[in-house]
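You will see subunit A twice below: alongside subunit B first, and alongside subunit C after that.
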Partner chain A sequence: MCDQTFVAITFGPCDCCGKASPLMNIYIKSEATNYCSFCVEVMATQGLQAGESAASLKKESDSLKKKLEEERAKLSDIELSQVAEKIEVLAPLSIKTRRVLKGHGNKVLCMDWCKDKRRLVSSSQDGKVIVWDAFTLNKEHGVTLPCTWVLACAYAPSGCAVACGGLDNKCSVFPLSLDKNENLNTKKKSVAMHTNYVSGCTFTSSDMQILTSSGDGTCALWDVESGQLLQSFHGHTADVLSLDLAPSETGNTFVSGGCDRKANVWDMRSGQNIQSFECHESDINCVKYYPSGDAFASASDDATCRFYDLRADREVAVYQKDSIIFGASTVDFSLSGRLLFAGYNDYTINAWDVLKGTRVSALFGHENRVSRVRVSPDGTALCSASWDNTLRIWS
Partner chain B sequence: MSGKTCSSNSVIQAQKLVDQLRVEADMERMKISLTAADLVRYCQEQRRHDPLLAGIAASSNPFKDKKSCVLL
Partner chain C sequence: MRICLRKVDLPLSPAPISICRMTIRTARPNRGQHFRPRTHCLNKLESIVVEMQDPKSGVKGSEQKLNVSTIPHVITGKDVIAWITNKMKTTPEEVQAFGTMLVAYGYIYPLQNHKKLVLCNDSSLYRFQTPYFWPTQKWVAEDSDYAIYLAKRNIRKKGMLEAYEQAHYSHLHDWLNHKWDFIVMQATEQYKAGKERNKPDRVVFDCQERAYWIVSRPPVSEHCCVKSNDPNESITTISTNIFYQQAIMRSKVKSSVSLGALTKYVTTYKNHDPFLAPCLPSNPWQTDHDAYWTCNTRIDVPTKMRVERWSFSLFELLSDLRGRDDFKVFLKKEFSGMPPHLMRHLSNLAFWEAAEELKWGTASSMTSKAETIFKTFLAPGAPRWINIDGRTMGLTVKGLDHPHRYVLEAAQTHVFLLMKKDTFFRYLKSPVYKDTQKNALSPAPHNFSPAQLEQNAQNRSLGVHPVIVWQQEEEEKAKAAAASAPVDVKAMMSKIDRKK
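After this line comes the complex of A and B, so read on.
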């Protein structure tokens, strides 16, 4: 595949002054408009108050950053692990592999549970998306996408559809039919269109909207029926690798993490970035909300997982060990939020005590990197997907 | 990204950054002692409902193999 970059120059009437000239595509309050370069200059200088310039803005941004640091430092009067000293220590978990799902011909990149607690969907590098029944190991549905590296897949809340996307830069929704012989490809609906690979997708509270994250640095909210872009989220300065929706009781926000080492929290309605955390030393591979919605965790290539408190607006715990040197690619909380399961590139899954910051257990079994771990909706089992072409169910 | 580095681009970017920081600086924050206590309380309350922590009987866990065979 050859990489050719074209700079496309649109020519036409400017949205501001009306004159025909080469246009620059810019975003004003999340809306894409086309201005000629003269109007862009005018608008940029209009935004400045008297006496401001690029240099003074830089000084202001530096002082604001320092003020943020001070505000956050003022509130850290105690460590989470100190507050957690009073509670009992967890015994090592008696969790073993109960099922091994074989059937993918290549690396399994992503998986998601259905709300019925028994079905799950998984996607792999060879373009195959399979829906499994985890109790019986039956493969219920299978679709082959025309692209390789299906990086993201999600089950709809109703259990009637799955969404998946990857190197095709799109996210497509497949309604699942009860007829086993029907070719799901005929009902395929292309919903999201990005300018780079789709790294993560999830349905919102209904089957009608999906949220996607992409290598083009943006996240976007789409209407499934019409394929229309409802809201786009700009702010990351590099590929966005993961996103997670806040648990429904706490409202319309989601968190995203990317290669710019930042984890951003967004308001879904306004498109505004409300909080930002830059604590990791390398790409953030996965982000996941705490079950109560007041905190979230992230996994990164710097071999650590971190826990952030949203109300205190800072990182409150780091889960790391000198013996762990491989990057963490995925995290998920257990039902109560006490355990954090993290999958690493050294083929293991570590279970961390979220509150005390210590490792409770290590799960071995996979023969290649663990790409995704997800706890089932009722919390009885953990499913892990790996580059060794299998998925394992632990319980 | 366009190859030109117009001065207007860096001004727009700097303006956006300052606006974003202003929004973040205005946020209401709580002390960690309060929020941490809340997180601990949530964990303790939900503890009983967490099968991976508390463990559930083999008979009710659909993934654990049952000891006795079922006659079909």
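After this line comes the complex of A and C, so read on.
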């Protein structure tokens, strides 16, 4: 639990304009102040002050960057591999395919589990979104969206609705109905509106808000009932491909990864970018928090997955192998955080030992790229969605 | 508009063919709704493919007879597999996967079944693709190039196009109609130039070109792996500086501390992770029996594992609604009728729950919820007055003038920290928790025979649909609210929220 973010003052009167609003904690000439996002933007767009020039600003930028790196280096008093020496080695895993969900007519792009641990929703390139009971293999609900490439889908915490979005630049919420004859499209609610494709969406702790990431480089928090934009998050310089909400009791931060090779951590209340990591050599396809909320992992086109420690503010592990050349498109942790499952573009899934940095197991079976892997809420199974039109449940 | 002159030298192909192509290109940034290419792997692939073609240490090639002529440098699938196995020293499945990638991306093309892009571990014949046709980021397989290719094949022999190619051709004829004359002219030129080559060269080139287009315009609609995109790079330096400043000043923790905490987490949860330790009575996905789920609902007697998990952190205890119920039982037993400084333990949890509902509620419900919370918890003399420091109280009350979902953040954090550092530990030491632990169940592990497993698979239980569960819970909440104290925040909350 990142205590720092927890106790930061994020709501109150702005030190600049005095209005009560969500606050960003910033420093002006080494003095800590709390500004509302509007005042911060005004400050940034004020242009050059007296005595400054574009070159001097750039120089300041470089020296600040260097100083940040020095601060980070001071804290690396030990490496993860050293700490992991005291942990016992994992016994070999025997993971098999337990279910194959067939029914999509085209590439399956995304999936999400329901909190009841057996249902899941999946979306595909032909615009279809299906809700399955994966345990019995029954298809319980189906919706067809007017757009193709439904890149993101999410199940609501209550289990009563699903959200999905993609090339239509929107994210819509569909309340689920027990009536088999009802067309879910009639109750559809258009919530998010972006200026480019929606790459990821997730509900927060309730059914009332969704968080989306988009190809227009921003993330946004929306109120489902009114469709109102509650907060937007700017900072990425290219498409944002993925996001994940922190699992801790605070639930106030989330991490996003994008095509600018950066993984950014945001405070949901104020919209402030509080941490940023630029370690990958290519696009970041997926980011996922460690179960404790103090770390996260990312998967990238450079064929590596990386592990970042949020409290020490640095990257602590890289999961790679010479024989793995194809990009990783998705990652998820097992319940204890010991295993990291990563899906790759060479049709395989690799299970890594998070602490020791070695590969524990490789899962074969898909006949095309793996687009998404997700561990079920109680950790009993792993679901993988693939471009071969199927989903597999592994255990 | 740019006119591009491309000339290619093929050092690795034994019969060098230099091609001079002129293509008029419209230089527009390709930022449309295309799925972005993932091409970072190509550099690494190319270096490996070059190694594979080394005359001494690469894959062994031979010649293939085709009617009168002979095609040089043909390789077999199993030789490729053997070379990769030797180089990478890994499992057969991985070698197969890697080999198939080489074919799928167009570095090696099959001679016999040219539309199936798979590497077969037998004597199937393949050839290395000429570097001119390798997938790169430098030039895109444009529609006009494809149109020229299809037109050329049509000129050579009418009716030679396959169904999907015919469909493409008609479509291109429609939308490239404005430059169709140019396309036909280019196709004719290329056809004539082709006729002037000698037969073996022509056959080789035709194969290479055909393989290239199978990869770039595959028969089934797969995405094309070669497209480019320009990143948008315009951050104001000032915003960056603001970010760096706060990032530097942010307090951080030494790696030894944080990494130690991460490993401690893994150790604590080790036995609860179904991938690492068996779940009792059995993993539903493995035995098709859902006892593991039905005995872990919000019913009376929880299992030992579940009760143990509540002790890991206040977050675990509160996230599990059964645990939260137990916590409430403890609070009532321990602190009801006690002096105010102890009664606060009771109201703290209620306040925290109410603040959560405010934070995650609908925008329209803010004002009414904020009002209720003020009356119940914060007003002087309120029935469930929470005891927080004066400054926080002042700020919170002032903020409630214009209610916002985060107006209670400071107060909620204060209350949560109190619960985490004090109340939670009292709970763990309390008779209530110890009783719950004592009475917790320890289900015996299932031991199904193969026949029983078959039975289970036939009779998988349907479970209850989440919508039904939710409806039932809402009814329970309403009943509980009606039965308890007159001013109950939860009842008001669920009434407000039940506008569905």
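By our rule, the second predicted complex is superposed on the first by the 343 of 395 C-alpha atoms of A that agree within 3 Å, B and C clash if a C-alpha of one lies under 4 Å from a C-alpha of the other, contacts with A are read in each partner's own complex, and residues count from 1 in each chain.
Methods note: a residue touches a chain if its C-beta (ideal position, glycine included) is under 8 Å from a C-beta of that chain, and two chains touch if they have at least 3 such contacts.
This one's a predicted model, so the numbers in the text were calculated from it and none came from an experiment.
A.B. asks: Which partner chains sit in contact with A:Thr136 here, subunit B, subunit C, both or neither? Use first/second/both/neither.
C.D. replies: second
A.B. asks: Would you check which partner chain A:Thr186 touches, where first means subunit B only, second means subunit C only, and both and neither mean what they say?
C.D. replies: neither
A.B. asks: Just checking: does A:Ser336 make contact with subunit B only, subunit C only, both, or neither of them? Give me first, second, both or neither.
C.D. replies: Touch partners of A:Ser336: subunit B and subunit C.
A.B. asks: So, does A:Asp77 touch the first partner subunit B, the second partner subunit C, both, or neither?
C.D. replies: Touch partners of A:Asp77: subunit B and subunit C.
A.B. asks: Look at A:Ser61 in the shared chain and tell me whether it touches subunit B only, subunit C only, both, or neither; answer first, second, both or neither.
C.D. replies: After superposition on chain A, A:Ser61 lies in contact with both partners, subunit B and subunit C.
A.B. asks: Applying the document's definition of touch, where does A:Leu355 land relative to subunit B and subunit C: first, second, both, or neither?
C.D. replies: A:Leu355 contacts both subunit B and subunit C.
A.B. asks: With both complexes overlaid on chain A, does A:Leu90 touch subunit B (first), subunit C (second), both or neither?
C.D. replies: It touches subunit B and subunit C both.
A.B. asks: Using the touch criterion from the header, give the chain among subunit B and subunit C with more contacted residues in subunit A.
C.D. replies: After superposing on chain A, more of subunit A is contacted by C.
A.B. asks: With both complexes overlaid on chain A, does A:Ser37 touch subunit B (first), subunit C (second), both or neither?
C.D. replies: first
A.B. asks: Let me check the overlay on chain A: which residues of subunit A are in contact with subunit B and also with subunit C?
C.D. replies: 7, 26, 40, 44-45, 54, 57-58, 60-61, 64-65, 67-68, 71-72, 75-80, 83-84, 87, 90, 93, 95, 98-99, 118, 135, 235, 272-276, 290-292, 294-295, 309, 311-314, 316, 334-339, 354-355, 378-382, 393, 395
A.B. asks: Under the touch definition given earlier, write down the residues of subunit C that touch subunit A in their complex.
C.D. replies: Going through subunit C, the ones touching subunit A are 33, 35-36, 38-41, 44-45, 48, 88, 90-91, 93-94, 97-98, 100-101, 222, 229, 231-263, 265-270, 272-276, 279, 283-286, 290, 292-293, 296, 314-315, 318-319, 356, 360-364, 395, 398-399, 401-402, 404-407, 409-410, 413, 416-417, 460-463, 465-470, 500.
A.B. asks: In the complex of these two chains, what residues of subunit A are touching subunit B?
C.D. replies: Going by the criterion above, the answer is residues 7, 24, 26, 37, 40-41, 44-45, 47-48, 53-54, 57-58, 60-61, 64-65, 67-68, 71-72, 75-80, 83-84, 87, 90, 93-95, 98-99, 118, 134-135, 235, 272-276, 290-292, 294-295, 309, 311-314, 316, 334-339, 354-355, 375, 378-382, 393, 395.
A.B. asks: Contact residues on subunit B for subunit A in the complex?
C.D. replies: 2-3, 6-8, 10-12, 14-15, 17-18, 20-25, 27, 29-40, 42-47, 49-53, 55-56, 61-65
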